[in-house]
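Same chain, two partners: chain A is paired with chain B first, then with chain C.
Let's look at the complex of A and B:
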């Protein structure tokens, strides 16, 4: 690298003024990006990776400021530049793609107009005769079908992946030299993620742009980037070529991150840091001891859930005076699926958003009524019981659930202890303060939650601790079946590793069965004995985890598997 | 769009029927006997009975109700007992006075409050933010009749800048030929600029009183909703795309922030119609508020019923306007129509 780098961040420190004094979110960070290079900044939440990129664009919020160091972009001192100069830079020279594409677009402005706003700001009037055409071109470039129609669409009329394409079109409209992509695919399905990432790489390569990819996903960084910067708690701990860093990580934090990333050919224990992994004994092989001829714990037969079709499509058709499309009046979210879960078995339900996996779990939990079909739990037909009545039956306590978002699923006004004993107070038979407290502490010990945290409120706990509270609450009533709805999706990889191990241990110890709902095949493989792959309400493939993941039969399963970016890890 | 408006109007019908029933029953439940009041204190029992018969008050309630609705259907709101005039005509004459005052008050308050809220939100902690806070706190904590009296005391009594608070026009001018009923507009149509100035000077104090009262909720809501929108992700995207501050604030932030403000506006307008009653009393304004209060005091059914019905119709129309505005601003609402 003899040429001057496009972006040179030297000794950058960013401070935020908060009520509790000054917080240094980023400290003495050095990053450089060469022309045409793709750089990944990897780190877990709170590592300062997003703040670094905001500092480069100088779009920190009011409380934040660049305290030390310098940011040079293509010979311009970003720290000293006037606001007007920065405005010229943003969007034209450096642009950004954000997480959560739907929120990143103005909800009440046509996407075409939003692209035009950027064009109008940066492109000389004389050069552009017709902005409309330019915006349509930009939409075409990101492979949006029928760009002329989509020009007039509002963000809420487009899917998540489509919105992200619009955001990319917006960012690349003025052919910038540097693109900063901040978790561009978090929250998107794996196949959509692959399509979006391929698109970003293809476009940036064609335009010879530099890219900074900010992500928590090592696999993504490995698959798409030349160099990787690892950040921890506001500091850069390691910078190396992508191939080198995965083959030979130097810093202990990098090693820990890599171990924790679920991948092929490892077991759950391998995810934990070496010393902890060794400390905990290898769990008893969790092969379900299903005696031949014994009834399964949960039996689902020809389960169907239909919703009346009254979505945007019908209304849109009416608006434009079109004839309503010839479609059935109902939408089948779950279309006649059958499966069973044995005692002590854990089954993964995998699929992309909208495939009906959550609807299925809601029906098993009796939170939704099925349209038709059989749900048999422990030999009893629970499918016919009204959801409202089910809440009072003894079966209720034997099916419990752990929810996706550990924060939102806890009452912010309840302490951890109160949240854990809540199901016991509703349905259990333990009465009296002391008895409840004793049971609560017992549960806390089981899930590895220190007792002194029991009197804290959710906002005083970390993500991993909140997840433990959610698990303790679910096992409080000795359930036979626990439905886990993406329990680790909102957690950092290192925390995810710990929580997955905890779930595995609890299952072996308490003899529970799991129905594990997830979109992440790697995670499912680690925790589940069997996997069921769903697509558009139907089961496309079913089998043991190893078999489905190593030798998929269905083309959709294959597509899902190839879409997952794999870090080329060689630990051990 | 037309089908949406039609649908909303259909939804209004049940509430209007409800209002008709409730007003009818409520006015019947009011203490006091209109027949006795109308007959005067010296009337004999027979005379009161006779009047009762004449008014139809001796009939069963259900029959009275059907006669009442039948009259309403023919546009007959009944006659006021105290003035002897048809209620419909009186309301028609007085409504423009109230509407002119309320609308002017609301416009003044919007013109001040919305820029104030936007400026306060874009510069939190600055002097304009503090000004916004002080004005709004003062505005809500002062009751309208008090503000009105203070304004009259200073600007009429002490300074003599404004005319006597006695109605819509100075006694020396004659009312302009009625076109819209709004004196400000009618005088201009008649090219009577002297009368226009007089009408305006009569309006300023009561309209200011109403504006001070309604300033607070509008400014606060504008500020809060602007602050929320300014910290949203799409505003960050707009900033990161290098759009000018004007585009970011006007096109991206302001239009989104207007949605809750419009809701607040409709509520404020309803409050103002209520607050009118007091302001009209203070400024001797010949509007429907003071008309209704006088009727209420003398147990005069018809005007009270007419007043409540008029208000209900106005609320329905107002809500319709708000719904349409929402649809214009927010495409997501349009779909559900």
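Let's look at the complex of A and C:
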């Protein structure tokens, strides 16, 4: 191998000018990428991993600038290059894949045209005369089925995984030397993630390209990269070979990150940093002691939710009436599922996007009306009550929910305290300012939210703090059942570890039942006694967590499990 | 509970809501000189509206035929009109009436259009269709002609000018409010409010309305200028306030005939006042948009 690395970042410092003075987002970072190497930059939000890659491409926004250090890309000084040189470099020599594939594609242009745009700008290969052959070839490379038809598709006609493939095709169209992938699979299902990552690795290997993979997921970094750079708060804290870093992490932050990553063979407590994990006693095992004959807390039978299809095909089919409609007029989002949750039990509802798990939870929450089926809660049939009427009934306070996005689920104009007491003011029996405040502080203590944060607005709180506010609000009315809709999906792994432990403790303490809706089997296993795996509106497998994860029966469950990238972790 | 220690998570320095707003205002005014200027103008206009009638040198209605049609001088800064009334006094005194009409009509249209729009966006369905069609119907007319028609039909009073101006602006408010409420109707915090036992109307007023207020305030400032113009325009063509009341639109109308004979000051000064007021509210709207826009809070 030549001594000259493809990309050499030395002592890089990036500053952002803000109202509160200059913020150094990245400080004294050294990174080098050899030809043909795959490097992972791992870190939690705010660690500066994305800013580093933007500096390499020199696409920092106006407030940001490279203050110190140098970026050399195969002999070119990126810092001193003119904008024209950079434009040549971007796309042809260095290209980038962004997190949200749909946002990266122009929604009103056909994907084939978009690929040709890139080709025309950089290599003048694709002339009008070749009838899109080059673009079709590019689509073929990323294994898109029927590329000739997809050439004419608009981004909204393709699934998330398909869109990401198109973005990869765009990025690789000009055979760049370096590919920067910024969280390329966040937001995709695990099976899609595996397919996309396998594709990226295969293509870059074949073309002998270098890759920088920016991710928060240690498992992903371990599975696909040669070397790993760990960043924390704008600094590189550790650089090592992928195999070494997992076997023998040096920096305390790396160790903490690894501990916090959910994986096989560990309990919830193991995720916490050592000193905290040791200090806290193992929680009492969830007492899912459902006495024989005792009624389950929640009983779902043959639950169905149908949506009318409103596609052009259906309408046209009706108008012309010649061809019988290919698809039925209704779409079954949830197709006759039955399950139960016992008192004090936590049940995981797992599946990929579109499997109907969220629809199911919305119907249980009575935010959505079911088409048919029985929902029995604590012996009462609540399925017959209209969602609008349910809001004022006493049962409302018995079923509560923790939402997926802590930011979206808090009213931006309410303080944390106001958000927490909102259910009490509507449905609770505590009246009076002081009593409410006292209850609010009690709840804040329970969820580990410092009292001085109670008067802040959501935008003044961190993600973990917002999640705690959401949990405090959900438990404010002593609910019997709490639906957790991916409560940690938007959080960093270390915060996720803390929040999961908190949920476990609260459950043991308050005797609640959980319905945990998630796409992440690893996380579900930690918190749940039983797991239900859903696919296309049906339950494909159901059983105790250990059994489903260690000995899956259904082929789909097996596929889900193998798709999860596992870091080869051994933490003693 | 000792099992989970509250994690030390970074948070911004503690600032109360009011202080933050004042700081933001100061920042925007400092960054944007034009906005600062428009705020200063607004203060001048408000002072004139409140204290004008008590401080002007002449009675705005007192005629003095000996001093008719005098050019601006030390005694009469803006000159006098055909009846010898002091134009400076009349321009200043008219500020109160004109801003009152504008403010009242904007508040009225906010109550009608804003609330109807929020309801349309939140409930959808028939509410949405009815509000939408009302807005479409109003938009089908040339707006000033519609305002003329309303005043002509209902009668020449200040209340009817306010009403006409409000109705003409209805579609603007209804559409903005509808769009804003529509994107929030299924937001997480609205779902959470439902789980907390809030009824639909309570969600609308307590949870959604406050989130839409910033954009509505910007809208109000931007339409304020139009409201002033509309009121003055109605008076100009004789459908609004009646002479001899001091009002910018009437004064411009009265002075227009004298322009050809060289007495330019009669129409010019009330026209300038009108222009400055409209200008001020439009600039203010742009500035307010910066203040309420969280994107600017970097």
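The rule we apply is simple: the second predicted complex is superposed on the first by the 547 of 572 C-alpha atoms of A that agree within 3 Å, B and C clash if a C-alpha of one lies under 4 Å from a C-alpha of the other, contacts with A are read in each partner's own complex, and residues count from 1 in each chain.
By our rule, contacts are C-beta pairs under 8 Å (C-beta built on N, C-alpha and C of every residue); 3 or more make two chains touch, one makes a residue touch a chain.
Here the structure is a predicted model, which means the values were calculated and not measured.
Within the superposed three-chain model, A:154 lies in touch with chain B and out of touch with chain C [touch as defined at top]. For chain A, the partner that touches more of its residues is C, with chain B and chain C as the two candidates. By the touch criterion stated above, A:460 is placed in contact with chain C alone, chain B being left untouched.
In the superposed model, A:87 makes contact with chain B only, not with chain C.
By the touch criterion stated above, A:400 is placed in contact with chain C alone, chain B being left untouched. Once the two complexes are overlaid on the shared chain, A:100 sits against chain B while remaining clear of chain C. In the superposition on chain A, contact is made by A:452 with chain C only, not with chain B.
In the superposition on chain A, no chain A position is in contact with chain B in one complex as well as with chain C in the other. Of all residues in chain C, only 1-7, 9-12, 14-17, 27, 187-189, 191-200, 202, 207, 210-211, 294, 297-298 touch chain A in the complex they form.
Within the complex formed with chain B, the chain A residues making contact are 57, 59, 61-62, 86-92, 95-96, 98, 100, 103-109, 117-118, 121-122, 154, 156, 167, 170-171, 312, 315-316, 319. For chain A in complex with chain C, the residues that touch the partner chain are 18-19, 63, 276, 279-281, 283, 365, 367, 388, 391-392, 396-397, 399-401, 403-405, 408-414, 419, 422-423, 425-427, 445-446, 448-450, 452-453, 455-457, 459-462, 464-465, 470, 473-474, 495, 498, 501-502, 505, 509. For chain B in complex with chain A, the touching residues are 124, 231-234, 236-244, 247, 251-252, 255-256, 329-332, 334-336.
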